[in-house]
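Data first, discussion second: the structure below is written as structure tokens.
Letters are used for the chains, namely A, B, C and D, taken in the order the chains are written, and counting of residues starts over at 1 for each.
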Amino acid sequence: MSSSNLQAVLQAGKFAVTAEAGPPRGVRPEIMRDKARILKGWVDACNVTDNQTSVVRMCSLAACKILQDEGLETVMQMVCRDRNRIAAQSDILGAAALGIANLLCLSGDHQVFGDHPQAKNVFDIDSIQLLQIATRMRDEAKFAGGKAVDGAPNLFIGASANPFADPFRIQVPRLAKKVAAGAQFIQTQSIFNLEKFKEWMQGVRDRGLHEKTAILAGITPIKSLKMAEYMAANVAGMDVPEAILERIRGVDKKEQKQEGIKIAVETVQQLREIEGVRGIHIMAIEWEEAVPEIVQQAGLVQ
Amino acid sequence: MNSVNIAKLKEIVGAENVRDNKADLYVYGSDASVHEAMPQAIVRPQNTEQVQELMRYANSEKIPVIPRGSGSGMCGQVVPVMGGIILDMKGMNRILEINTPDGYCRVQPGVVDNDLNAALKPHGVFYPPTPASGVVATIGGEIANNASGTRAVKYGAARDAVLAMKVVLANGDCVSLGSNTRVASSGYPLERLMVGSEGTLGVIVEATLRFVPIPKLRCLGIAKFNTLAEAGDAISEIMGSGCQPSMLELIDKIAIVAANKAEKLGLPEVEAILLFEADGMAKETIDPEIEKFQAICEKHNGFGLEFSYDEKERARIFAGRAKLFPSLSKYDERLASTSLADDMAVPFSKMAETAKKIHEVAQRHGLVMTAYGHCGAGCMHTKILMDTDKDFQWEAARQAVAEIYDYVRSVGGTTSAEHGIGLSKAAAFKAEKATTLELMRGIKKVFDPNNILNPGKLMDGPDDWVEATRLRYQVSKAG
Amino acid sequence: MILAERKPIADILSHLGDARRVLLVGCHGCVTVCSAGGQKEVDLLVDVLQLARKAQGQAIEIGKMTLERQCDVEFLSEMLEQAKQFDVILSLACGAGVQLVAERAGSLRVLPALNTTAIGVSEQKGQWGERCQACGDCKLPLTGGICPVTRCSKSLLNGPCGGSSKGLCEIGNGTPCGWQLIIDRLEVTGCLDQYETILEPADWSSARDGGPRKLVREDLK
Amino acid sequence: MTQLAKLEKWKGTLNKCIRCGYCYEHCQIYKSSRWEIDSPRGKLILLYGLLSGEVEPSDYVANKLFECFHCNRCQKACSSGVPIQDVYADAREFFLESGFDVVGTTSQTDHDLCARCLNCVRMCPHEARSFVDGKIVTDRLKCQSCGSCLDICSEKAVAIGRGFGTNPDELQRSIKLFFTQNSNAKAIVFSCSWSTFPGFQTANFDEQEADPETLTLVTVCSGRLNSQTVLETLLQGAWGVLICCCPESDCAHGGSGRAKARMNALQKTLEEIGIDPRRIQVSEVAQGNTKLFSETTKKFMDEISDLGALSIGGKQ
């Protein structure tokens, strides 16, 4: 059993809450410390993104350490875009050594979205292969190349899932692959289309996957109409139904933030009724203050 | 028929300008008439020297030579009834000079009428005859047949526009006839004799033509009549009215029906339509003339009168007449339009009577004939619409043609106004010119002692055009 | 075939600098098939260079040849002989051909006129698309005959990623999602059950990552 | 139906042709050769002779029926209503079935040069080209001689049987002649034969009579005009090149669209080498619109006169 609080919460059958913080595009640690202060006590663990949308930021490992020192448990996100299997395993060892307890394996956004479209991407391995490698290092203390690891990295390992990506008919089999590869918990893409999510969850339950892995439902509070419309139109794999946009359009510009929180809270409450949902993952992009509000209003305070 | 030395021809004009294979010969063996015959060779001279050399050779071997423009003639002028060499003059198609100060232009015979007028347009002038076939007819051909057209009523025919020409005679000599002056009285006007000689006296290798200014304004009107007689009275009165129409056209009912079918015009299918036009530099001078023409038409029960200065409007009004000749094929699916008794000239007052006579003769012989033409100039066109496969129709046509020309002579008319004699009108021509045939044959003898220039035409033309050549239609002996 | 397209003229002109005698060399191979370096394209480039130099007021002397292929030494010898009277060779071959010429052109500068882009196929009139990265260890048997390394923008061996939407890849410009194509192929060939077997990390040593490859056939030596 | 029977049914229609010759001015083939056998009227007379037995079928005669750019202007101009193209189509079938192996103006492929890249097969708007037993084959009944395949071939392996003045080498010869003979020569106007071109039928001016600034050349379909011909025109000293094509909706061969795409690419290239792209222009002129044709030409000439000649050095 790893020293992960998140794992303990889930194993105790409690409804877990995680959040997400983006490291700064610079060197000042206090930015992360401010975020820690806002989130501490409200969440069981906080994800730290890894050069999200291919935009250069402070690395996830360092940012996690800063949050850990503030007493906030972290989930280190790792993408396969920027590092090959050598660097990936080395970072895993580093994370474990610094007491980071949770790892999220992701493929990562294509560099065309970021600020270095000319860069060469790596993709030596993909997220499922990374799950296998990390799990094998923990359970068999063996590197991908077969050599022994001096002390196994005891991490609680998870992956993401996007019930709204195409082809829909492959999303549950894909989850099964991730579980087979070692995904102990899953944080899903932001949910706005509850019907589609329910349909996906039904597939998950049909294969009993909800018992093999802890599914945390993704929540993104809408900050403005512009942001919502951008997500709907330009973020591939994001499903923002017209009804949600209409609700935001229906309120005055100053009220849009509150309406966003309201939608998030309503969504959380509905998610709690879905069998197999073991928690929520709040992605309040550059809006960490929204997390305590949502947790409080959705009655998630332990 | 003397044999032709193809190699010699190639030596003179170059191999690429000689054709003697059967397919080319067959195509050059016909024109827009009912006749066809096989030439022995087609030659395209590039300059006068080559024409002279060709004529010296042909004269020495006594081989017939037929100068040909585009072959758009309707009476068989260029059909080689005695075989021989066809001179395709389209190889000599340069516009040599446009001399606006002196008011003339010099052209080679192969220049197409429309091209000359396109070249003259920037200078604000035009070559007057303007026949409807100006889209294809060459200047050489127009001169050889004294062509004219819708505007002859005001500006005259080819003969009135030709000032001078260079001609290669049968013996190969190149002579200059006429002078580049508007008027001349220096002996026999041989250039005027050449006009209308249908290639029997010499090969025109260059012509100096007068041109007239393009009027600033043109106003075209149309009037419909319920009877030909009324239209005819209107014609005479208009021509006697002291006004000078720049166009006066008559179209009969059959022509209207055909035009409606071909160009979908929707003209009222009445007995007769008159098209009248006046042109000039200012509205003040044109309006009175147009009003006069309208008044005369109304006096003779003319109706549905319209007129317009606008170019597009004028084109719409004129559409029925513009391509009437080919449109006649659309009159009736079963009938083909043939160029028989295709034109004649009668005094203005007799125009309506002639049209009636044509319809009456057609009826009697079970044929369909239309009558239309430049009635302002007294020129009447007809076409026989017949089933060319039926033998009896040809015999009926022969009799009808003869009767019509007997009538034309009786009213003081002449066999051809502008289309020429060729083969199909030779009989009528010879009857009309009986007293001067010997005189004409004498002139021919002087110009062409060996009779190699377009032999078998005019004075030597056939008495019965049906038997003169193999008719180009396949006349099955049935029926 | 190998796909290529002409470099922007401005680049070619700047690479040529003020070279006065230029030998253009076309190739009858792949670059003809994708209309980039064949005889017509050589003739066109001759005209463009002459016009460009005329506009700049500089003289230029241009020789032109089109070889059967520029990736076999034997086809180069005659051209290299003629090239001696020129200042520079401008080759319209693919990247491989240009380099073989460069290796044998001695003191002569050799410049590419094309940008070689991929190993691919003609998809429709005036459009070609990449199909193979030459990874040296063909994955097609495992993915229904559609290559995940080439057709997936992230070369995922266990795709699709979360960015696949309506059959298109997240990077846009109409690029189809490689894994959508793979799944459709697996389905239509009745092998969709293969999808759930996890493909192990690839051995990239046979690919470009393992260093420049050499193909040796002892049996043909 | 015996082969000749296929033509038999046209006998009545051929009688309708009164041989007036009004079709001469519309036929680019006749205007180039000026032999009457090359005119629509001439060909109909040949078919008439075939039916009456006065003309034997031969390669020479068969070839005449395959020499046609399918511009259909003769049929449109024929007031006698002779469906010339339909008659031709049956005649061509008759000749092919009777074993006359002729090409006329249809597109041919030099199999030694051909790289089998199939770009021409894809390009053909009439699906007349296909790859059979290792070779590119032209279906001469489908080929409309529009020349779309002419420029796409990187091997220059595609040729039109006989160009009648419209093949690339013929165009380039006329261009070279025009610029060497006329001191005042400034521009070339390429016009497809459906789009209007001035009525000059066959006449031409004596040297001293006219010193034109432009020469109009007919390329049959504008989609057949290849980029090199346009560039060579500029190299000959032309100040500019104007291409008149049909409105895209009227173009039966998709040539207008291709011409625009091709010239668009050329304009970009000109810009890259510092030459004003307005020196190459494409404009749509519908068939029969003589007025628009001369207005377009005039506007173009004003524009390039401002640009002046392609001088040596300096901003072009």
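Methods note: a residue touches a chain if its C-beta (ideal position, glycine included) is under 8 Å from a C-beta of that chain, and two chains touch if they have at least 3 such contacts.
The structure presented is a predicted model; accordingly, all values stated were derived computationally and were not measured.
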#### Entry: Inter-centroid spacing, chain C versus chain A (mean Cα positions, whole Å)
40
### Summary
Cα centre of chain C to Cα centre of chain D, whole Å, reads 36
### Query
When the C-alpha atoms of chain A and chain D are each averaged to a single point, how far apart are the two points in Å?
66
### Query
Where the CA atoms of chain A average out and where those of chain B average out, how many Å apart are those spots?
95
### Task
Using the contact definition from the top, classify how the chains connect: line, ring, star, complete or other.
line
### Query
For this entry, which pairs of chains touch?
A-C, B-D, C-D
### Query
How about chain D: which of its residues touch chain B in the complex?
11-12, 15-22, 24-25, 34-37, 42, 45-46, 48-49, 51-52, 54-56, 58, 60-61, 64, 78-82, 198-206, 209-210
### Message
Looking at the complex, which residues from chain B come into contact with chain D?
### Response
19, 21-24, 26-28, 30-32, 44, 70-72, 88, 90-91, 93-98, 110-112, 114-116, 118-119, 133, 135-137, 262-263, 323, 325-330, 333-334, 336-339, 388-389, 472-474
### Query
In the complex formed with chain D, which residues of chain C make contact?
8-10, 13, 28, 32-35, 37-41, 43-44, 47-48, 50-52, 54-57, 122, 124-125
### Task
Write out the stretch or stretches of chain A touching chain C in their complex.
80-81, 85, 107-110, 112-113, 121, 123-129, 132-133, 144, 160-162, 165-167, 170, 173-174, 176-177, 180-181, 189, 236-237
### Query
Contact residues on chain D for chain C in the complex?
115-119, 122-123, 151-156, 226-228, 231-232, 234-235, 269-270, 272-275, 310, 312-314, 316
